[in-house]
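Look for chain A in each of the two complexes below; its partner is chain B in the first and chain C in the second.
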Partner chain A sequence: MSRIVKEYKKIKKVLEGHGEAFENLIVQLAPVNEYDLLSWKATIRGPSDTPYNGFSIGLTIKIPSDYPISPPMVKFEPYKMPHCNVNFQTGEICLDILTRQHWSPAWDLLHVLKAIEQLLQEPVPESPLNVDIANILKEGDRTAYTGLVRYYFCGGT
Partner chain B sequence: MSNYQEEHGIQDDAVSRTATDDNEATRQDIRTQLREIFRLYSSDEDHQEDNTTLLELLSQLIPESLQEEWLEQLDQHDKKGCPESFIDSLPRVSKRNLSSTSACSICFSVFLEDDYPLVVELPHCDHRFDLECISIWLSKSTTCPLCRDDVMSHKVKIDSSKAELEEDWGMYG
Partner chain C sequence: MTSRSDPREMKPPDYDQSTLLLPFADAPSIVQAHQKDKQTEAILSVKLERFFRSLKGQLFTNACTEEISIVAKLMYFGLTTLAGSKTLGEEYVDLVYVSRTGKELVKRYKKLLFVLSYALGPLVVSRILRRWGSGSDDSDSKDKTYSYRRILDIFLNVHLVLFYFSGSYYDVIKRILGMRYAIGHKVNPNEAKFRTSNSNTYKFLGHILLLKVASEKLPATLQYLKKLLVSEGTDSANDMKVCGGNGVDASHYYIKGIPDESRLSHIDLSDKSQLPFIPEVSRTCILCLNLMVDPSCTPCGHLFCWNCIVSWCKERAECPLCRQKSHPQQVLSIR
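And now, the complex of A and B:
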């Protein structure tokens, strides 16, 4: 049985309520199609102590053929995601654990979503994919930061 | 008379011991230099023609096992993974030492679900994986998937102890 099949079983169990750690974070994590476990969709809740609080955020996950030796490819989609480490137009995420160099095959999709939650809580303006947001963060203006994120979320371009 | 001989015996011993120590140091020295030359000329592609003779000469001087080891270390720089010989040398964990719930963190399979589990242990951190799973991973990385320990960082120690045992090349002795 392949690794992603095992993960799918585990994820179903966790989301049915056997893993409280993920209850506040994950709204949905499932393959787009039951018969193709290489393509997934996820929806996570914006963490409460961040400007993303109250928003549901979509992600797509592609599983490479040599998973888990290679990391999954994760993007914010379909929403344009305002975050200093996310490309606003493509949804591409700059997150070290998703790179070949730092990925571990012992991690699974639940770990990945946890890491993305942490990135929402602790943005890294030193390696930005969204310079506008990174600059505001560097200035330390929390109110402006929250305002800008929310402005983007509500349809600003 | 016997006293004199005994004295001589002791003295000879002392002399030869110092000589051995000196030899030892010289050997280590030459060994390091040879290794460096080998590394330089094996990897320098610009001067391939000029190197052939020297490399041939070196190859005759250096035992084959060492040549292989050094060449493997050269490959290492490009591949970023562990050499095959390292992966092959990982200690097996016998079936009776596996608990009924422990699983491989790469494929997530319980080891004992397989009637003939082929499980190995990494040096130092003792984390266990299916040989098949960890082989693929270590061909691309040198870290333990669980604790991120650099598994190759311990290899140096293993190597030097092995080198001391294999010191008897018979060419400088």
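And now, the complex of A and C:
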């Protein structure tokens, strides 16, 4: 359990400006409550060159008690996330490194956020959780994709 | 090997005249003959192996090396000793087989027995010892086999010492069958002097060997016998102690479970004097992010704390850093 405490210290240090690599990505990454490091909140910037550019996206992270043996559970919450690999209703993310079969304890929360950023940049319509957006992507209809994402972020449900 | 020497020609027909008897061979020439024979035997064995390899393939020769060497021995001694001629080694130093007293030649059946037991003896003995070892797997019988082997070992050593002193029988089998070597020609005084001086060197060797055997085996044997007597005196209750015996108390060789946490000595890398060859940047465990405690290494060479990596490898048997296969039992603690 001391691992997450260490990680918290490291994340604090990184976010205070020592880690430029995350400046463009992370707005906020902190436990919901200082006394309970098992429940985290994160806000990331939508990466440039994607329809998400310019939006802030919220995530919740649940740390399992046997972390880092088990992977953290990450969801897009509290807002709905239009992305072909994210369940629109629950916010569940289809990302291999977050599954038990592919997770490595050598990774930390910063790696996880980096991987999510990459998922936003490179959606995988071949294994979709959101079939509608996957179909649009498969058609290669970039305009529809951008329009749909913007619609949801700027006042859709 | 081919020149068929008939010792009868050299032997005087009149047995009463002891001066005409062939003199017994000395230790150095026996050893020399023996070495030469071993060498020839090895050459024959290699040739035979090559022959079988071309005939039946590599697998066969690999599986039957023991048998092939037996065939080589049987061939070599069957064609020489048994057929009545000398082996290359005997010819080299001119030795003849004579009986224990030196007054008769060695009979054919003895030669046959010698060839058979020389070729098959080691195999049979090792098979018997193995069967005793595996017959029942309680530690008591295993211990007995071990002691049989020890006795055999001591016996062979004593035999060798005797040979160095008396220069009579180099092989145990020959001692049992009474096959002595005699020199196949008349020895003039000059040669005799040379031979005795050589034998004296061997006696010196014998002293050294005796000292070695005595110092090695005596204390352990005495202790073993003492323990054996003690166990017979008391009951079979402390049988366990006896089989732990053989001179040393073997009880601490057995692993008796995981030692108590308080008795473990951990290597904590926060102490800079511990394993100083690990550089500063590599002293942190990527799993717990602390300085490593009991640094341990996966087969791929990555370092982690023992507890961290073992608990991970139980979950999934791969290195967290490079995903190479790493079963928990492959993780090595670095000391």
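As a convention for this text, the second predicted complex is superposed on the first by the 155 of 157 C-alpha atoms of A that agree within 3 Å, B and C clash if a C-alpha of one lies under 4 Å from a C-alpha of the other, contacts with A are read in each partner's own complex, and residues count from 1 in each chain.
Note that in this section contacts are C-beta pairs under 8 Å (C-beta built on N, C-alpha and C of every residue); 3 or more make two chains touch, one makes a residue touch a chain.
Please read these numbers as outputs of a predicted model, since none were measured by experiment.
Asker: Using the superposition on chain A described above, determine whether A:104 touches chain B (first), chain C (second), both, or neither.
Answerer: Once the two structures are laid over each other on A, A:104 reaches both partners.
Asker: Touching A:3, do we find chain B (first), chain C (second), both, or neither?
Answerer: In the superposition, A:3 contacts both chain B and chain C.
Asker: In the superposed arrangement, what residues of chain A touch both chain B and chain C?
Answerer: 3, 6-7, 10, 68-69, 104-106
Asker: Show me the residue ranges of chain C that touch chain A in the complex, using the header's touch definition.
Answerer: Those in contact with chain A are residues 286-290, 308, 311-312, 315, 320-321, 323.
Asker: Considering only the defined contacts, which chain A positions touch chain C in the complex?
Answerer: 2-3, 6-7, 10, 68-69, 104-106
Asker: Inside the complex, what are the residues of chain B that reach chain A?
Answerer: 105-109, 133, 136-137, 140, 143, 145-146, 148
Asker: Chain B touches which residues of chain A in the complex?
Answerer: Touching chain B from chain A are residues 1, 3, 6-7, 10, 66, 68-69, 100, 104-106, 108.
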